[in-house]
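Here's the structure we're looking at; comments come further down.
Just so it is clear, A, B and C label the chains in written order, and each chain counts residues from 1 on its own.
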Amino acid sequence: MTNNNWNRHHILSLADFEPAEYNMVLQTAASFREVLSRRTKKVPTLQGHVVANLFFEPSTRTRSSFELAAKRLSADTLNFSPGISSLSKGETILDTAKTYLAMGADMMVIRHREAGVPQMIASEMDRLGVRLSVLNAGDGQHEHPSQGLLDLFTICSLFDFDNPHIELLRDKKIAIVGDILHSRVARSNIWSLTATGAQVHLAGPSTLLPRLFTDYVGDQQQVTGTGSPIPQQQFSIAPPPSSITHRKLFVHWDIEPAIQDADFIMTLRLQKERMAANLLPSLREYHQRYGITRDRLQLCKPDVKILHPGPVNRGVEISSDLMDDPKLSLIAQQVTSGIAVRMALLYLIGSGRY
Amino acid sequence: MTNNNWNRHHILSLADFEPAEYNMVLQTAASFREVLSRRTKKVPTLQGHVVANLFFEPSTRTRSSFELAAKRLSADTLNFSPGISSLSKGETILDTAKTYLAMGADMMVIRHREAGVPQMIASEMDRLGVRLSVLNAGDGQHEHPSQGLLDLFTICSLFDFDNPHIELLRDKKIAIVGDILHSRVARSNIWSLTATGAQVHLAGPSTLLPRLFTDYVGDQQQVTGTGSPIPQQQFSIAPPPSSITHRKLFVHWDIEPAIQDADFIMTLRLQKERMAANLLPSLREYHQRYGITRDRLQLCKPDVKILHPGPVNRGVEISSDLMDDPKLSLIAQQVTSGIAVRMALLYLIGSGRY
Amino acid sequence: MTNNNWNRHHILSLADFEPAEYNMVLQTAASFREVLSRRTKKVPTLQGHVVANLFFEPSTRTRSSFELAAKRLSADTLNFSPGISSLSKGETILDTAKTYLAMGADMMVIRHREAGVPQMIASEMDRLGVRLSVLNAGDGQHEHPSQGLLDLFTICSLFDFDNPHIELLRDKKIAIVGDILHSRVARSNIWSLTATGAQVHLAGPSTLLPRLFTDYVGDQQQVTGTGSPIPQQQFSIAPPPSSITHRKLFVHWDIEPAIQDADFIMTLRLQKERMAANLLPSLREYHQRYGITRDRLQLCKPDVKILHPGPVNRGVEISSDLMDDPKLSLIAQQVTSGIAVRMALLYLIGSGRY
C-alpha cells in the first residue's frame, strides 16, 4: 500500500474529486478489507496519532465507525461530546477545534448541523500553517463524503472484489430516491456516482428535490416522463475536475422512470420532521408513492440491489421484508465497507506527514 | 487455561446452566484474577476482537466493568450511548445490533429495560448464521447472569481462593432479602446458588415477592414461620439441566427465619420508585422490617458475610456502618470479582472462534 | 527520568507545594514534551494501570487532556459520566469512588462542583490503607492544581525551554485579572506563581475579589493606587511550606496598576451567571473596565504575554484579535503544556508503586 500520489490534505467534499483519487480510495480500502479478514485485525500504521472526533451533531453510528477505523489503525481517539462541552459555555467552534489541535490532534473528524463548518475549520488550520487534516463526517445538508465513498466501494466491490475501481460502473443505472433536497448523502453520492460514468436518476416529491434541479428541468411533464440530463455547468458550483467532462444526471418526480431497468436503488432516510414543515403529506402516502416494494422491483434489472445509508424507517423508505433479504439489500455491506473506507481515508490523509 | 469443553455461545440466562459450566467459569475467573495481580494486568487473548457495549438502559458501573474486562483482554471496545442514538431516530433494536455486527463486532454486551431483548438479538444472530456472541448485562426484571456468576465467584473464593467450585457451598444457608419481584439480580442468583446445593431463602414484603412464589407457598403463616421448599417444576420455566435434580429454595415474608443461622445475606437494591407504586410504605419502615442491622446479624452464623449488588441506599437495605465493616461486607470483593468473571465470560464465549 | 525524591501521593492543592516539587514537575513535563515531539508519542510507563476519570461536573476540555495524557503513558482509562451514573440512583460519592477502586483503578482524576471532594476521597483511600492516588481536576472554587502547574510550565518554558524551573520567574510581574473570587484557577496560580518569587498582582471588580483580600487591604484608595503586599499569615489557611517565607501578592480594584510593566497577564474566564447574581453590571462594562485590549497592553512590558485557561468569551475578557495574535497569546501553548504536565503528574504519583 503506497500513497505516493495522494495530494489531498482534507476530505471535505467530493465535488472536485478526480477519478484517480476515487480509485486510490477504493484500492486502499480493499487492502484494509483484507486486513480486517485476518485474525489480528489491526495495523500499526497510525500508532501515536490522535484522531479527534468532534461530533457537534450527535451520531452513534458514524462516530463508532470512525472510532473503530482509527483503532484498527492503532491511533488514539478523543471524543468530543456536544452535550457536555465548552460550547455551552460560549466557546466558538474554531476555538474548540484549536484546543484539540493544541492537545496534539493529528486529524479531526467533524460533524456539524451547519453546512461548511468542516471547511471553515480546515481553512483556519491551513491559515495557521499546521498539518492537521480535517475529514467531513457530515455537514448540514451539504456533504457526507465518507458515505459517498463507502457506497461507491460497496457497489464497485460487487463487480470486482479484489480490485474495485470506478470504471466498473460505466453505463450502469443508479436511482437515488427520496428526500434529495435535505440529503448530504445524496449530494456526495451524486458527485461520486456521476464521476464513474454511471447514469444517476434522482426521484422524489417535488418539495424534496433541490431547487437547482427543478429550476433547470422546467417543464414537469417532460421530466416526469423520462428525465433529462443536467449539464455540468448548471449543477456544479465548484469548478469540476477537468477529467470529468460530463455527468449523467436525471431528475424525476415519479419513481417509476427512475428505477426502470435500474441496477441499483439508493433510498434515502426520510426525516420525520419534514412532515411538520408540510413538505410531505404522510409517511404512508410517501411509502405508496416512493417506497421500495417487491412490486416496484419488477421494473428494475433482475439482479437489482438496494442501498440505504441508515438508520432505516422500516415500511417507509423500503418495505421491511426487502430490507432483510440478503439477495437484495446491501445495507449490511455498506456498514462493513464503512470501516475499510474510513481506514483508507484516515490512512491517506494521515500518513503523508513523515 | 483451556476452554475445550465450553459449548455455550451466548450467555443470556443462568436457568439452564450446568454445574460443569459454573465450575468452568469459576476456574477461568480464578486464572484471570491471578493475571490481575501481576504488574502487567493485560493478556493478548482477544487482540483484534471488538466488544460492543450496547447499553440501551444507562449504567456506569456495569458498563465500566465490562469495558475494563475487555481492555484487560486487549479487545477493542465500542460504546453505544442511548441518549444520542439512532433509536431516537426510529431505528429498531435489531437494526442497531445488526449495524454493530456489520461493523465487525465479535461480541455484544447488552442491557435493556425490557426482558428478552438480549435473547431476541442472540436468536437473530443465530438465524443469520453469524458467529457473534451475546452477553446479557441485565434485561428488565429477567436476568443479570454476570452478576449471578460474580456473586458465586465471590462466595466460593472465600472457601478456596485458588480453586473455587460450586461444591464448596453445599448445605450453606444463603438469604436473599428485599425486592425479589423486580430484581434480575435475585433471579440469576437463585439459579446459580440453588445449583450448588446451598439452601436459598428469600425474604421480602409480600408485594415484592414474585407471584409464582406466593401462589405456591399458599398459607402465609406457614411460610413466615419456617419457609417451604419450592419444587423444581413450579419454579422453572425453561427445562432445568438434568444434572440439577433439586433446588433448595424457601420463601419468607419476614426476614428472621431467612437469616437465622445464615452463612450469607444478599441484600437487594430497593428501587425508590416502588414506593410511588404503593408497593411499600416508606424507606424507614422497609429498613425497620427488612434492613440488615447489627442486631439482626445476631441471628446469623458468627462469620456471616453480606453482599449487595450496588449501588447501595445506605441506611435502607443495610445500615451504613455494616456496609463499611470489612469483616462483614463483601461489597468491594463483588466489584473486584466482576472484572475477573467478565474477563472469563468474554474469553469463554469469544475465543472459540479460531 | 527518575522520581526517587517524589513523596506526594495525591495532588489536591498547591498550597503546600515545595519549590523542589514544582521543579520536579517542570522537569518531568519537559521530558514528556520531548517524547511528544517524537514520531511515536507513547511510552509504556503506565501499561496495565487504570486511570479513572470521575468528572462529576462535566468537562470536555480537561477530561480530554487527562485522557490523552493517560493514553500517551499507555494506561487504560475509564470515564465516569455524571448524567447516567449511579449517583442519580442515590449512591454517595465515596461509594462511587470505592467502586472504581474495587474495579482496580490505580489513579482517580476527580472534578466536582463542590470544594473538598477530591480531598475527601483521598482521605478515605488513605484511611482504607490502599495505594490509590487522587488528582484534583478542579473542585468548586477551591483549586485546580494541574492548571496552575501547566500555566507555570508554559511561562517557565519561555525562558528556558529545555530546563524550565521556577527560579526563572524571580521578580517577574504577573497580573491575574477577572473573577478572582470564584476562580479555582486563580487560587492554584496564586500558590504556584508566588512560590517562584514573582510579584503577583490581582485585579478585578470588588465584588469578584475574595473577601480575605478585601478585608485585609482595607482602604480602597490606597489599593487602587499601587497595591499592597499580603503577608503570608493573612493569606494562607494551610501552614505554608517552610521553604517559602514570603509570597509577593498584591490586590487592585483597577486593572491599570496591576498590568503596569507586567511581564504576563493571566485573564480568567467570566462566568456569565455572575451577572444574574448582580455581581457585575454587564459584559460590556466588564470589558471596558477589565478587558485586555491593545490599548491597555501599552502599559505592559513590550514583550508581554497573555494567558487564559479557556474557554474564552471573546470580546469580554480579551479582545478577539489579541487572542489570535501568536506574538501575544500563550493560550494554545497552555493547552499543549497540559498534556505534558498531566503526563508528568500521572507519572509522578503513579509510578512509585513498584
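Here is the rule we use: a residue touches a chain if its C-beta (ideal position, glycine included) is under 8 Å from a C-beta of that chain, and two chains touch if they have at least 3 such contacts.
Please read these numbers as outputs of a predicted model, since none were measured by experiment.
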{"item": "Rotation, 0 to 180 degrees and nearest 5, that superposes subunit A on copy subunit B via CA atoms", "value": "120"}
{"item": "Interface residue overlap between copies subunit B and subunit C, same or different (over half shared)", "value": "different"}
{"item": "Averaged-CA centre spacing for the pair subunit C and subunit B, given as whole angstrom", "value": "43"}
{"item": "Multi-chain contact residues (two or more partners), subunit C", "value": "83"}
{"item": "Subunit C contact footprint on subunit B (complex, rising order)", "value": "36, 38-42, 58-61, 64-65, 67-68, 71-72, 83, 269, 272, 310-314, 331-336, 338-339"}
{"item": "Subunit B partner contacts - residues on subunit C that touch it in the complex", "value": "47-48, 50, 76, 78, 80-81, 83-86, 89-92, 95-96, 98-104, 354"}
